[in-house]
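Note that the chains are named A, B and C in the order they appear, and that numbering of residues resets to 1 at the start of each chain.
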């Protein structure tokens, strides 16, 4: 039976669009429910009820929620996240540089952790049951089961306090040379990659071991095929779907760790902006940040799904 | 109603052999959790000091006869605070895990037993929920609902529901296709019987593993939240906030920061290791 | 002549989950001379595959070779290190796996996999290897030898894959080839072609073979010497003819006997004492099941079953035989109400039987019970045997407590199981015991008709023979009517009164079971019956010679509506058989044959 990929992939995209719509509503609902509003923040102590009311009217905060949602969703469709209630500057201007910083951090982490986890995962598969494999799995398990802030704290302790290898706070304005880049990014990236790599290589190992139970792997062994070739030539093509999924899932769970890492290292990224904006009730900024996070997640998982569908080995379902 | 009662009483008869039939992973994890429960319930009763009581001038004191685990950044007895911290961490995480898993399992089974559309819509909603990074979601909800322990439990419950839903749905789907379920349907058994007696008993083992895993996630999330100042609020303590408030002691290697860290790791790593015991 | 393979005191142990060791193979010694074929015979759990793998220095996960000397073609296999083993495997000794469908990598073309051993071992340059592969494909009588390698495994049939796998094993010209049940997963008609190809190649190249199987009839065709194994130890070892004709040990005798199932004596249809008894229990008329687009009359485009007409007389056993893909399990599901037909009717004791099980009356559901193929899957692992039986008793007869327990114990007696099993769970039972519990559950409903779907397919011959005996016994004592679905002609003849032969969703022939082996038959029936291996040397040669004489010409383009056997039929009438649905010929003794040939031109089976 020949499966046509087009409709399958379109179906995945439609499903993701539906999820995204749900996410948009949820984010709006929660942000609309935030108690207190920016009017209080802006007026501070000197707030009189009248002043607050007129300010709210000026910011259209007194409109009913559904009407605000309608305007907001419409603006979002035009890629216009509105203006910050706090500073009056366009949200895009506020979020833009922070997004760039976050992408830099995420990119650096992915660049370190993906190859590392692939290598680790494959190495563990090849050395199944040996001391190396056991030690690695216990280490990975240990790393995934401690909170990110712990890794971050330990990183600070080791790199900054004990060895003075890197500054405790990430001042990314000080980056003018590759060496400085490494110094600034060393700790945040090390922390994030530590957590991500552990999770990713664990999942990759699990996928590969699953494939390794197939009879055709035993057949390859009995043909005298060397282990490296078995892993790369026989097993990997059959594991692309699950492995890509594992990578996407781990990378997207990295988004959660970002909040902690940005806080610990005072890194000026999106998560930090969002945390500050939540405190200040600057709703448009919060909404924009949250939406970007969700879209990144959905994009990653959808991409992984599409890759998995497209690379599914023929005749798997015989 | 009486039918359900009958199922349950029959279930009780099987329950005697239940523990013995469990896979070693969930069994060990259950045992370990039981130990933690005992500490959570009995611990604070044995604590020598009230958690907020300042007992010593000396901050970040080391291990001594008076203060077994030293003192914290205000000179409070760490041992006592730790016992309280364990209680809150274990309780909050248990309740939120139970909440998320109950909802997840019920929805997961409902999705397999009802129409395709229910399943599709539920699946999309869960995917959507899953796509909001858990820490940020918690941040938003807690900001909206206020910082209280019920709000924490509810939030964490919602955050981990989609995962539990996915696991139980996948399990139920697999078992629903099993021949013994077909045989029961061919006999003409009702839907409730099939779900409660044919499908559920075969899901317990894997589901217990999943619940254990989710408990670990909950502990991690709660600690991260407390570390960010969003979790358990003073004067209450949990393990995460213990580490947060004493983090300055790291430079001196004070037990005030090292011990809660170790206890936290012991809790999560221990359960994970217990669950993961089936080496290939 | 020296021995090419010699094994002394081989021990293989498995590690249990709790850390203990279980012996899997204990102290096995065997040898084979150059050019000989050695058969390792045994039931599941006898350690035959483990021994075969040990010859290659391989032990499956959780097992290890713990002692003994293994010498193959001058290599001390037990002393080789990892690199030595790699160079040895696939070069000196190669392997043909049981199920080629899963032993080929689904993501790679067959070509790349077939020539891989030659490239890995630097035996041949790529060009040469490709040339030799094509040569081997031709020797294996594969269709389109030049281009077949460009395909992916899922595009070929099981028989073709099995031959490709043999080609892969032979590409490095090894000295020894291990065949691990290579034809067990195949249909009998395909098995012949594959066996024939294997044997020709082995003999032609003087290769030493180790042939693992549980089927003594296959042993008789391929092996020079046979080693009978039981519980991981050698039970008997001798020349094939000796083992098969004059087995010395009790176990070997038992194995041989299980291959000679007593044939059920012909019984006249139950005499109609009153009018009602003559009515069949179950009638299936004009049933169509399929999928795909539905046409104006509500009939699906792709048919799995097409116009099935059958009836099960009171107190008799109707056997339905066919090869994989003939639609026999779909027929079972349709009768069971799990797959409603697109057209046609089912009648149970004269009343219409609804297509979906949900629309049948509780009484109908009670009176029609199913015993399914895989007892592992139909018994809920979370329940005890007693609970399984009691539930049915409660559901259909409202029995509870002591009464239910007493009745459940009586049922265990009925299927010859000890009462001690009452509190066990299916996991703790053997395959045969599970199948008996499966039977007891069906009987608990006190049915009129029992539908048995491949109930012996997953069992070892000796156990299967006992189950068949139980089935005949129960049928006689309880006066049941049965539908017995199988692919195994021996099992069919042992229990059935009447037979329906299924091919491509059509019933091509119905006849009395007793007359199956002689007289005139449908050409497909004749092919099927003559393909079942017989336990004597030389049988394969005879059949192969006969086949070569009647091989049909090239396959005509398939057209709809003709006889499903057209592509393989040596007697087909060109232009008629592939277009016109064959008429049904009714003969006075109740035989019904769907064929265009006039009755006197139908093939006649020699009386054996």
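Points worth noting:
By our rule, contacts are C-beta pairs under 8 Å (C-beta built on N, C-alpha and C of every residue); 3 or more make two chains touch, one makes a residue touch a chain.
In UniProt terms, the chains line up like this: A = ABC transporter permease; C = ABC transporter ATP-binding protein.
Predicted model only: the values in this text are computed from it and were never measured.
If touching chains are joined by edges, the resulting network of the protein chains shown connects every chain directly with every other.
The interface with the greater number of C-beta contacts, when A-B is set against A-C, is A-B.
Centre-to-centre, using mean CA coordinates, subunit B is 49 Å away from subunit C.
Subunit A and subunit B have Cα centroids lying 23 Å from one another.
Rounded to whole angstrom, the centroid-to-centroid distance between subunit A and subunit C, based on C-alpha atoms, equals 52 Å. Counting partners per residue, subunit B has 280 as the residues that reach two or more other chains. Listing the residues of subunit B that touch subunit C in their complex gives 10, 14, 21, 24, 178-180, 182-183, 185-189, 198, 201-202, 280.
Taken in their complex, subunit C has these residues touching subunit A: 53, 56, 58, 60, 85-91, 94-95, 97, 99, 101-108, 116-117, 120-121, 152-155, 168. Against subunit B, the residues of subunit C that register as touching in their complex are 17, 61, 336-338, 357-358, 360, 362, 365, 370, 372, 374, 377-384, 387, 392, 395-396, 425, 445. Every residue of subunit A that touches subunit B in the complex is listed here, in rising order: 15-16, 18-23, 26-27, 30-31, 33-35, 128-129, 134, 137-138, 141-142, 144-150, 153, 156-157, 161, 209, 252, 255-256, 258-260, 263, 271, 274-275, 278-279, 286, 289-290, 293-294, 297-298, 301.
Interface of subunit A with subunit C (complex): residues 214-216, 218-226, 229, 233-234, 237-238, 313-316, 318.
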